[in-house]
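Take a look at the following structure, please.
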Amino acid sequence: MKSSTSLGSLWDTWGITAILVLLLAVAPVLTPDFFSLDNAQSVLRESAYLGIVAAGMTFAVASGAFDLSVGGQLALCSVVSLIGFAAGGTVLAIVAALATGLACGLLNASLITRLSVPPFVATLGTLFVFRGVSYILTQDGPKTLPYDQIGSPFVKIGGLNVAGVPVPFVIMVGVFAAAWLLLRRTATGRRVLAYGSSPEAARFCGISATRLRLFVFALVGVSVGIATLTYITRVWTADGSAQDGFELKVIAAVVLGGTSLKGGKATLIGTFSAVLLISVLNDMLVSEGVPSAYQRIVLGGVLIVALTIDGLRTRFAAPGSLRRALSGGRTPQPGPAR
Amino acid sequence: MTAVLRRLPLLLPLLGTVVVLAVATDSFLTGANIENVLVAAAIVAVPGLAMTFCLAMGEFDLSIGSTVSLAGVVCCSAIIAGQPAPVAMGIALAVGAAIGLANGMVITKLGVTPFIATLATLVIVRGLSLAYSDGHDRIVSSAALKYLVGGRPLGVPMPIVLAVVATAAGWWAMNRTRFGRWVCAIGSNREAARVSGLPVDRVRIAVYVLVGVAGAGWGLLISSQLQKGNGQLGMGFELDAITVVVIGGTALLGGRASIVGTVLGAVLIETIRNGLNLLNTPPAYQRISVGLLLIAALAIKGIRRAEARTMPVPAPEAAR
Amino acid sequence: MADSSTPALLRVDGLTVEFPGVRALDGVHFDVVPGEVHALVGENGAGKSTLLKVLGGLHQPSTGTIGLAERPYRPRRPADATHAGIAVIYQEFNLYPDLTVAENVFSGREPFHRFHRGIRYPELNRRAAELFATLGVRIDPTAPVSSLTVSEQQLVEIAKALSVDGRIIVMDEPTAALSADEVTRLLDVVRRLRAEGRSVVYVSHRLDEVFAVADRVTVLRDGRHVRTTALADTSPDELVRLMVGRDVSAMFHRDDVAGGDVVLELDQVSAGRQLHDVSIVVRAGEIVGIGGVAGAGQPELSQVIFGALPLKTGRMLLSGTDYRPQGPHDAMRAGIGFLHEDRKAAGILPDLSVRHNLTISVLDRVRGLFGRLLSPAGELGVFDTFRKRLAIRTTGPDQLIGQLSGGNQQKVLFGRALAPGGRLLILNEPTRGVDIGAKVEIHHLINEITADGAGVVMISSDLPELLGISDRVYVLAAGRIVGHLTGDDRTEENVMRCATTGQRVFSAAVAG
Amino acid sequence: GCSDSNAPSGNQNGSDQVVVGFSVYDMQYEFFQKMEQGTRAAATAKGWEFKLHDEKSDENEMVTGAQALIDQGVDVLIISPFKPSALGPIIAKAKAKGVPVIVDDIGGGGAPYDAIVISDNAGGGKLAAEFMAKQIAANGKTGKNVASITCEPSAVYAARRNAGFKAEIEKQGFKVVAELSGNSKAEEGYKVMKDILAKNPDVAGVFSCNDPMGVAAANAVKDAGKDPVKDIVTVGFNADPEAITAIKGDGLAATVAQDPAAMGALTVKLADQALAKTALTFDNAAEREVYNPVQLISKENVDTVK
């Protein structure tokens, strides 16, 4: 069989990874101790929770929706997990985080499928609800992992390394591997892409929108539950305000990675690289002592540059388009547009 | 009446909320409070109307909250530097237009997806605003700037006047002009719009400029209230603007727009917020209530839609 | 009538268009003289649509020249074509579902008030209505396009092209979705355009239309020019040979079969606003045709069986047991396959590859590792089978389906419907847009399925096809069964009589 | 600090110069800019090397950045934590490396820091209440209703201000008829005040637990045609420049001043003592708290404070 991988489709999957590699190549020049063990571990540890949720969110975006409530879910899972820890130690803390995530996801899913509330509004609404409930549960002050529990296995998750690799990062890699299998090698993953590509056509392929959305939003919830384990054991505390604005960061990582907001296309490799890209960039800016106002300007600029390369690629994908682009014409996007 | 309700499904939850508040509080239905709600609603409605065009086109502009901040900082700095207030406001609006133009160019000419492009501008413009103001307040005392929210032509608060004019203009532009139809056409099927020879890029750029200017206008209204500009203002406003549009019934995927829906969406949100304050609701419960009411308002619509679906139209639904 | 000695209005020379992995056009030449109808024919994927897209400014050739009225013509964008007086009806619709019919027809050319910039809606709607009157159809100009049937959408596309007032009107398979009398009226319009001195480029897989309306014909094969000739100098058989490169055996013929057990029974079924008290039976091994004019309720009938439309009253039985699908997923699990008539809106999964489009209905059967994970090899197997069987022209399994020619997309969707191989297959317009060779192959495949014991419900606006392949035909009019034709009663006259006059013709008892 | 490490006589990074790491809440706020100036000035005066990290109002960034400072080998860490309750993992790491930790402002979150310099937030709230009661009386008003605009519910320090205010004002016979959150934001403070005025046009005073909301509330009072000094006594907290300007122009009745620069200098002093392993003296030994006094600023004294 002749392989039909074109440069274009390679870029779709690996584009952001290429930019990440580029950045890693210049990092030691700009930031001499970038590859010091401490720093490298810190970069990998720091973004695991973002990455894990982004892996789940990739499915939601691929199905043509997104979940705005993940910040509220993270807050609630963290608070409940800490309550669980206080009540029953490590096992209960873990179970509480996962179960809360799943419950949040199922609640979103049932609002969307049973009450026909559009995902945007349903998850915007539950964002408020989850944060509100988290606040109520922390009325007497934020929940905290007590300092005297420093030796407990739960508290250690966030800080441990195996063979020098931070455990949160190991978990993140595991989650991405599982997510990749789910997306690329199971019927369910394929249905997600089909539904995102054309909900109407998918319906006539026997894909049940109800079950699909139930699955997708429950999956996002579970991913938040897992992320909570790496998050809460790193910052040791939570209340209703935890990770304000988280939803936009997560969606940005997914879209930056190359997953289309219109649904139907997804790349977990892209999401993974985008998460690391943001984390590496942030680390470099911070260790260079760039004031935060300017950090923002650089970060925004890099986002645009990264996706400009992508935009230009699509523009030059069609025959004769290079010439036309140079002469200012427009290029048809391949495939039917919706 | 049922026809009106079908076209403006938000009326029902709005009326319900009003009735509940009228019963539950003794101050909701006072003149001062109604004016208070309407002014607050007018202030989000104006940018919401511009955002309606963006969503109708099937796109988002996330940068609007940062534009609010930068416009306020620029306007107040200009006033401090001795510019007459109208000139300062003009400069601020021009800055808003420039941000919109930048968004539009990056999106159409560089092919960056609107979500990332405007997210990047959100971050950059916030950075500019913070860097320019160095984290300091730009405090002014300007009667002319104050007139934007404090003025009362013919006894009507200025924001309401602005919103009424903007609604009329927005409705006309959306439903009666070629521009509005092209916006919906692009949102309905971008490829078809291109094949039909519509000036797709020009329309898209125009919409981003519109949102930029409206964002700057929003910033002026906020700075008019606070008599200052600074780098912190307007955080998270992008979600507020998009929310009033979406609950107003404009399709997130584009193609359809409801100008009046956006205005009702703004009134509903502000009514809920005001009502919760009148009821002295603690912040945690306020969040929960706002969330639940949002869902409830749209669930009512959703159930109506589900009912409609059991009486299917002859043709298969369009794929969306 | 013009002949080939008249100087050409449009002249295409040495045109080459390349896509990654394919050369869609390879040094093609082609010309159109004023006042002629020039047909363009060829197999699926021969390059017809690509040529038209170049004329319309959608694709840019890598080499070649085009002259229009003796001047170079290099359209870079659709507006260039419109300005040059070329109007194109593309094979895939380009409509805005959320806008009204009239807004669609005049998109970009809306009449507006100079002073207040408002669109002149009364004029807009009136002009749209006039256009539909010339086409002899009634479509409400103020209806949203999302409420139209596929054939109505096709008519809107035609009206759009006519509204441009072009010198050259290019039509890519305009009749693929039209019913017989709509086709007749369209051909009249084409003749009228010619009489007005305009030129028409006409693409169709229906050679009878080509012979009925065209003056000259150009045959493309594999992106190359094969022959241009006056129709008077050729025959259908010769055209087929030129297109396919070999003779194609006669149209499929099917002997009468006696059906087996009843697979599907509908008892007084009403659904939607369109379907009333429908009772039909389908037996194993049978092909049951559903006839009637467009809009008589055919898609509704097929969708209610497939669970895509909820049942209002009546009941359905599948192999004798009660059948109440909650949605198409239930129907599929019950062993029903389905082909939708709207390829673009409800057929293709545009972001997925050809392979994934094919296997989406049989995911449960392409499992490898642990019986859970999909097996890429299994999927390739499905792909290979159908590519060979249906001669799908694609660069490979990973090509996006949207990059296939229209007819090849249709073949993929047919394969998808067929793949699960259940007890009942519902086919809406199975051969829409496919070439002659593929049509015969599709008929063979349908025959094979029934030989394996499945029942088939077949809906086709192509009456000869419907009658030629069905064992029995039910006729629908205004959502009710008005006829049931078997044996020698299956004639076009009988179908048309009950479909249009509502006169009831039953050649056999309906109930099983 | 804890003396479990056999720290070399010099310091962590091997050279003679002491390196101090300062992790700051958010450099976008003037309050923390001043705190940073005070800290930096005191540190450089001692000849120390000063390393800054900006938490950017994010608990994840706080933990990451503060831990990175420790990794980089600072000898002592000063931190104004965005989330006091997230100090645990930072202090755990510091302890492991024998780095003393001095907390500045906000709160200590119960972790074993070496010392915390803290404004008397509850005391500040009390000062605000005392002033408000006095000013209401001076205005000749008899209304007994007042309102409070709070920060976001997670801000522990702000909750203490409100608690201090409430306790005192109620003791003085007033009733807090509205207690609503403006989430620390000026825009929301303005709106909330409008709602308060719509329901309770007769409130005699309003306390706001930061100045952006306080000045915004004063603007809302003015926009309702009332005077934020004479009609509705409006009091903020922090003595941000905008509050000082407003007080001078009769646009705000009072604010409670903290002195972030002085607090910064104080943390450096404590850091020095901790490095030298001298015993620290606390105002509240149980919590290892060192208080920095707060001061009420009104028209009367606004010209006398710097």
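A, B, C and D are the chain letters, set down in written order, and residue numbers restart from 1 in every chain.
By our rule, a contact is a pair of C-beta atoms (placed from the backbone, for glycine too) under 8 Å apart; a residue touches a chain by one contact, two chains touch by 3 or more.
What you are looking at is a predicted structure, and each value in this text was computed from that prediction instead of being measured.
Participant: Chain by chain, through touching neighbours only, how many steps does the shortest route from chain C to chain D take?
Facilitator: 2
Participant: Write down the chain pair with more C-beta contact pairs when B-C is set against A-C.
Facilitator: The greater number of contacts lies at A-C.
Participant: Could you give the separation in Å between the centres of chain B and chain C, each centre being the mean of its C-alpha atoms?
Facilitator: 43
Participant: Compute the distance, rounded to whole Å, between the mean C-alpha positions of chain A and chain C.
Facilitator: The mean C-alpha positions of chain A and chain C differ by 42 Å.
Participant: Can you check how far apart chain B and chain D are, centre to centre, with Cα atoms defining each centre and the answer in Å?
Facilitator: About 34 Å separates the centre of chain B from that of chain D.
Participant: Averaging only over C-alpha atoms, locate the centres of chain A and chain B and give their separation in whole Å.
Facilitator: 28
Participant: Residue numbers in chain C touching 2 or more other chains?
Facilitator: As it turns out, chain C has residues touching two or more other chains at 58, 77, 340, 344-346.
Participant: Mind pulling the chain B residues that touch 2 or more other chains?
Facilitator: 130, 135, 189, 191-192, 194, 231, 283-284, 286, 316-320 - these are the residues of chain B that touch more than one other chain.
Participant: Provide the list of chain A residues touching at least two other chains, using ranges where the numbers run on.
Facilitator: Only 135, 139, 198, 200-201, 240, 260, 291-293, 330, 332, 336, 338 qualify.
Participant: Touching pairs of chains, which are they?
Facilitator: A-B, A-C, A-D, B-C, B-D
Participant: Please give the residue numbers of chain D that touch chain B in the complex, ascending.
Facilitator: Touch list, chain D to chain B: 27-30, 33, 150, 152-153, 177-181, 183, 185-187, 190-192, 194-199, 201, 212, 215-216, 219-220, 223, 240-242, 245, 249.
Participant: Any idea which chain A residues touch chain B in the complex?
Facilitator: So the residues of chain A in touch with chain B come to 111, 115-118, 120-122, 124-129, 131-133, 135-136, 139, 198-201, 240, 245, 248, 251-252, 255-256, 260-261, 291-297, 299-301, 303-304, 307-308, 310-312, 314-315, 330, 332-333, 336-338.
Participant: Note which residues of chain A are touching chain D in the complex, please.
Facilitator: 33, 36, 38-39, 42, 45-46, 49, 135, 138-139, 141-147, 150, 158-159, 231, 234-237, 239-243, 286-287, 289, 291-293
Participant: What does chain A use to touch chain C in their complex?
Facilitator: Going by the criterion above, the answer is residues 1-6, 8-9, 181, 184-187, 190-191, 193-194, 196-198, 200-208, 211, 260, 263-265, 317-321, 323-324, 327, 329-330, 332, 334-336, 338.
Participant: Touching residues of chain C toward chain A in the complex: what are they?
Facilitator: Where chain C meets chain A, its residues are 17-21, 58-62, 76-77, 92, 306, 308, 327-329, 331-333, 338, 340, 344-352, 356, 359-361, 363-364, 367, 369, 372-374, 380, 395-400, 402-403, 416.
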